[in-house]
């Protein structure tokens, strides 16, 4: 009897997977569509906007790999390069699956639990799979399914960023478990608050601006990264052995791919090939540019020579910082954001880290946490209705001092959930499989110990 | 007299090259335009669709290089890395030229020889070069010339895939000759059957579904690859010396670039920035995701650790398998396809290969041949009119059991031509220039012996 | 008093940076918009065109990095790889900033100084930042701001190309200063002549065709590169020590990324997802293809084996040569251009260089200077109104022999300014900071001496 | 004059180097080697093909010393490179006929 | 105790290693070297610039053995590394003063 | 027979090689090493973390010669590898018991 039931269950869920709809949630069909940010939603599909969003989705995936994988991979020691890359590609597999199965629903479906997160109406993409040719009311000028897959790419890269903090020492199984839980219980709720149509930060009294994920992506991952670094402890030999980047050419390739991919991340967040997307594109590029100059410039002054790692770090810092602001600010403001990010993240990655002595291996906190926070605040300062056309989206410089407060509230709330969530999840994962690789495994390197392979066999 | 004639001939063909039209084929002008798959062809050009197809063409080129070149290049020994890369870039040069000169015509012009292949009406792009501003009846919403160049990129990568089978031992001159002949006599006919408007598999009784080239690209190249591996014999020292991948970081970069580029391959095959393209995009991504998890998962269970090579292989297997299905199936079905591909290709690359003992160096058969075949069959199972809007394009699950038969017929026919064609071509090439590099050359490595260069000079 | 004034000045310019407009130039607002090349300008924004131009901008940035950085980086010795990469990323920062502040204005604003260059009306993007939703008269179907950022990417890569000539020996500070001055005083004026609405080469008597920058980008950078090579002198040990490329795999990756990115460069120069863009796309690809075959083919004949460096060089030579012609010629003509480029640049990089004995380290002159010149002339030969629809844009083969003369005038003028400008700038930079790294620094390598880092730490 | 060749673990190099420097040894040369002895390698599997990787990465440290310093040097290396687990490595000592400093042409002990 | 240094071809390493192991030799160290002798290099051309690459990649195998095992080891290497073509390589034999096993401090023959 | 090991600067290798070849030395083997002596390394900073890189890249040249050729070889190396600045490197000379040419089995001077 029992086997019969479970056989029917399995059959039912496969059917559901294949057809993409199920009856008990039929009434929730339009939820996801409404959840999309679109003040004056044009109901007709537009091929230009669709083309741009298809490309943007591909670009954001490229940010995770090869982009981030190379950026991070170059910074670790040779024996851990595959470990980093494996994290990235495995996340591409796992987070995509989770997003399809329940993540999208928890993030963008109508809120439950007092708006803490979305419901289960869009589980397994329910309601997102229109029949061919049938006119469906779209939330924007692109198919809702495209919005879903675009957001999926963000869901992949965000835990990927955290990996920088525990690189070279976390067990692979622990990483997998951690990211699955973190995505579900930290990312999805914060995404719901900030971007869902009924999110408490998306509109209303606490409206917090986050154009492309400064808070959702960078602040949450950066803060969680710091906690990971603290709770996992330092790498063996940290502070005694030298641990220089083993391949800065990879770090450079990765950084510049991130730069290119970020156009999809930020300008894509306009969800259309619109003038706002162009604004976001320009802001993104200029912040990266001035971030590069700022970080490399400080080094030039302080140590006599600008370094390529500094230039790359500055570019990424600028990109992180402009993320929440991209579609709300003028190009000039973006340049200021880039400079500030370059300077502040430089200080975070050098003085602060060495002062407190935690081992945030690849500066996931120093760049994404700090840069994300600074960006959130400065968005509240520089946002202008001139660019977004939305009077609600203006900042301190246009006299809306409330916006800075709201940005702080938004950032604070995200920070809170990230820290509490990460703490609990790490404890759970530790209890289940243990967090750190064994000492022997760490010395041998994660490539061999976790994956049984070597990165380079050049002889 | 003779020189005069040949001088005139040369002059005539240069003229033809420059002007792109010639009189004797004037009547065939519209053939190529009709050959494009478009049930309800919108006659007006659309900038959004054009934008997406320009990008898709670029993405598919990126798949060959750097994508495939890195994926394959990392798997060979250090002394053969340039050999792999040279194959890719030379194919980019040669196959493009062939496609422009006669390939496109043989594939997409009106059928000759009882429908075996296209005719010569579109040789040298005859009829594809509209005068500026003149309203030409387009087969789709993009210029026919764009369709031509998009298809050109497929013509480049397909023989490139075969290179994985004879890597590290085929003479460069033999490779060049083989690919030129194979492209003309195997690829073009199969492309004609499957995609030309009057192709016998494109419509009618034997209608076989192949959205983006599962049969045309992967099955033909994979089957041919197996035969190449068998006819060329094993690499020297195969089974005795270790031949591990010399640079798995390249393999990873290549695999993830393939993943990104595949959006152009599959979603581009909708020939428009349409909802169907979005469906194809999502299906592609999800199949890659579950393929990754499946292959890495099996390894995790069987050898205790998931490997990065496994994850990359799984991703590619999933992508191959979903290729014929991408625009016809739901996201859920795509996930199933990915899992099946991961499992089946894993078995093909491990047990089957070692059982039969052929040396398919980089598993061109194990991944593309097997994955392509499985994909062809499963497309006949999971295709749904819900996605494509075409009642003819539904599969077994919607009660159309004939479709599976048709898929088998299509796959079988392609397989047959691929095997027979490859056999004859290899024999011809062997007679003309010899297939294998000399033993000394193979030991020295193809980089030095075939190209006089070394890949890395790190000292 | 003085401090008060300067404080006000600083405040004023920050304000200006943020708001993006200032009163004294209010009347110049439409200048930039008019400056764009658009015979029959459609005044309405088009999402498809916008999507394509967003992507093109990203592609052109990708050409500089990772593209060019890898292409050049692989060719230097291991100890100078980061030096090359740093030049690229720093230029991404610096040239973008300059373009935003004054470069765009000097290039595209209404001419001053008798048409020598543009004025200051569009300084700090004045007039390019429309208020949201306000209907602005656009010069083309894309926002003017998008045109600005697209052109910015050209401004980045052009000095980057010159770096190939003085690689492995120029001081970093000298490189920075040189590029800032060169961009302002050489690139911007030439861009104005060739592409600004009132440029003397853009229309009228001296109309010179340059679709995507053969003259503006390649000829100027190539000629300047030659002068740099001559004035800086040879690398220490040149001609005595072997200086083979340290990593041809990087050179290959870079070359193929350039190939892909060049679609944005050339097809993007249509400023729309139009049939002309498709023509440019096809021409670009085919010229690269035949360039590859030509260069590799010559090697095959002359040294018995085709080399991968040859194939990559041929591809780039073909791409350079087709750049001015891309949107004006048929696919067949593009193939001829590619062959000519492959042959001529081969001769330039081998015989000519070794005959005169200058040390153009990475053949910036041999490929970009020579290829750019040949392309400029051949554009005057092969341009056809069939493709561009503009009777003024036809060449010698359509009986317009004047066009070749005009092409020579255009190329000559650009060459003149490039040589004179580069000479003066190098003298100035030499006087200010010195051009060459010290002998010790050069022996140690630029990575360590200029940036204090090592590229690969594989042990 | 003696040449000491020590095959040690990678991550011990920094410690050994510092200890030798403190012990007054002023110069040394290292190179990357791979080796095995009691400690054998591991298996690597690539798509089902299994390879036994016998050779493990080690560092070879070469130190040339005056006869009088030999013992101190050997002891310093032994104590700092030791973990007690198989694979710690070996020290080989041999005699040199001559040592020359290229820069000055000095020979013998003074050249070290 | 003797140190055998053998310069051999890359693709012979696996075979030589196996033969030595079968012959009872329990440890060895290899490193990447480049060299030339009778066998000279080849020419490489990069965009017309021709370089003579004299040094060819070889593998250096170092095996330390007791005096009694020397001959067996040398013969094993010679016979398995041989192809008969120029470039097969050389074997250099020298004497060691001392061998120490770092893990245990053992000296002499027992440390090998 | 003597083994000459010379640690020299990278960019001197070509010159030394040519000089040795002209002096009639017919074979040699080189490898990549890192070392320090009087010449100490530099500092590298990565995002504020400062590392002292003590070991500098050098090339180790190994030449085996008949006793009679020793002096010529050493002098050739010394004179061509010298720049006069700290870090020029060292030459170590030791005796070999035996030299064998793998290809032919020849031993002694003839095998070199």
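We call the chains A, B, C, D, E and F, going by the order they appear; numbering starts again at 1 in every chain.
Here is the rule we go by: a contact is a pair of C-beta atoms (placed from the backbone, for glycine too) under 8 Å apart; a residue touches a chain by one contact, two chains touch by 3 or more.
Note that the coordinates shown come from a computational prediction; the quantities given were computed from them, not determined experimentally.
J.: Applying the touch definition from the top, give me the chains sitting in contact with each of chain C and chain D.
T.: Intersection of chain C and chain D contact lists gives A, B, E, F.
J.: Same or different: at the chain E/chain F interface, is the fraction of residue numbers used by both copies above or below half?
T.: Different residues, largely: of all residue numbers at this interface, under half are found in both copies.
J.: Between B-D and A-D, which chain pair is linked by more C-beta pairs in contact?
T.: Pair with more contacting C-beta pairs, B-D versus A-D: B-D.
J.: What is the distance, in whole Å, between the centres of chain A and chain C, each centre taken as the mean of its C-alpha atoms?
T.: 34
J.: Suppose each chain is reduced to the average of its Cα coordinates; what separation in Å results between chain D and chain F?
T.: Centres of chain D and chain F (C-alpha means) sit 18 Å apart.
J.: As a quick test, compute the distance in whole Å between the mean CA positions of chain A and chain E.
T.: Distance between chain centres: 52 Å.
J.: Find every residue in chain A that makes contact with two or more other chains and list them.
T.: Counting only residues that touch two or more other chains, chain A contributes 46-49, 51-52, 55, 242, 244-245, 303, 307, 309, 452-454, 456, 458-459.
J.: Which chain D residues reach two or more other chains?
T.: Residue numbers touching two or more other chains: 31-32, 34, 44-46, 53, 94-95.
J.: Okay, in this complex, where on chain C does chain A touch?
T.: The touching residues are 14, 16-20, 45-52, 54-55, 57-58, 61-62, 65-66, 69-70, 73, 81-82, 85-86, 88-90, 92-94, 96-97, 100, 124-125, 129-133, 142-143, 145-146, 148-149, 152, 172, 250, 450-459.
J.: For chain B, which residues are in contact with chain A within the complex?
T.: Touching chain A from chain B are residues 46-49, 51-52, 55, 59, 78, 141, 244-249, 252-253, 255-257, 259-260, 263-264, 267, 272-279, 281-282, 285-286, 288-293, 296, 303, 305-309, 311-312, 314-315, 330-333, 335-336, 382, 384-390, 397, 456, 458.
J.: Can you tell me which positions in chain E touch chain D when the two form their complex?
T.: Contact set of chain E toward chain D: 3, 17, 26-32, 62, 64, 94-103, 105, 111-112.
J.: List the residues on chain F that touch chain C in their complex, please.
T.: For chain F paired with chain C, touching residues are 11, 14-15, 34, 42-46, 53.
J.: Which residues of chain F touch chain A once you look at their complex with the stated criterion?
T.: Listed in rising order, the residues of chain F that touch chain A are 44-49, 51-53.
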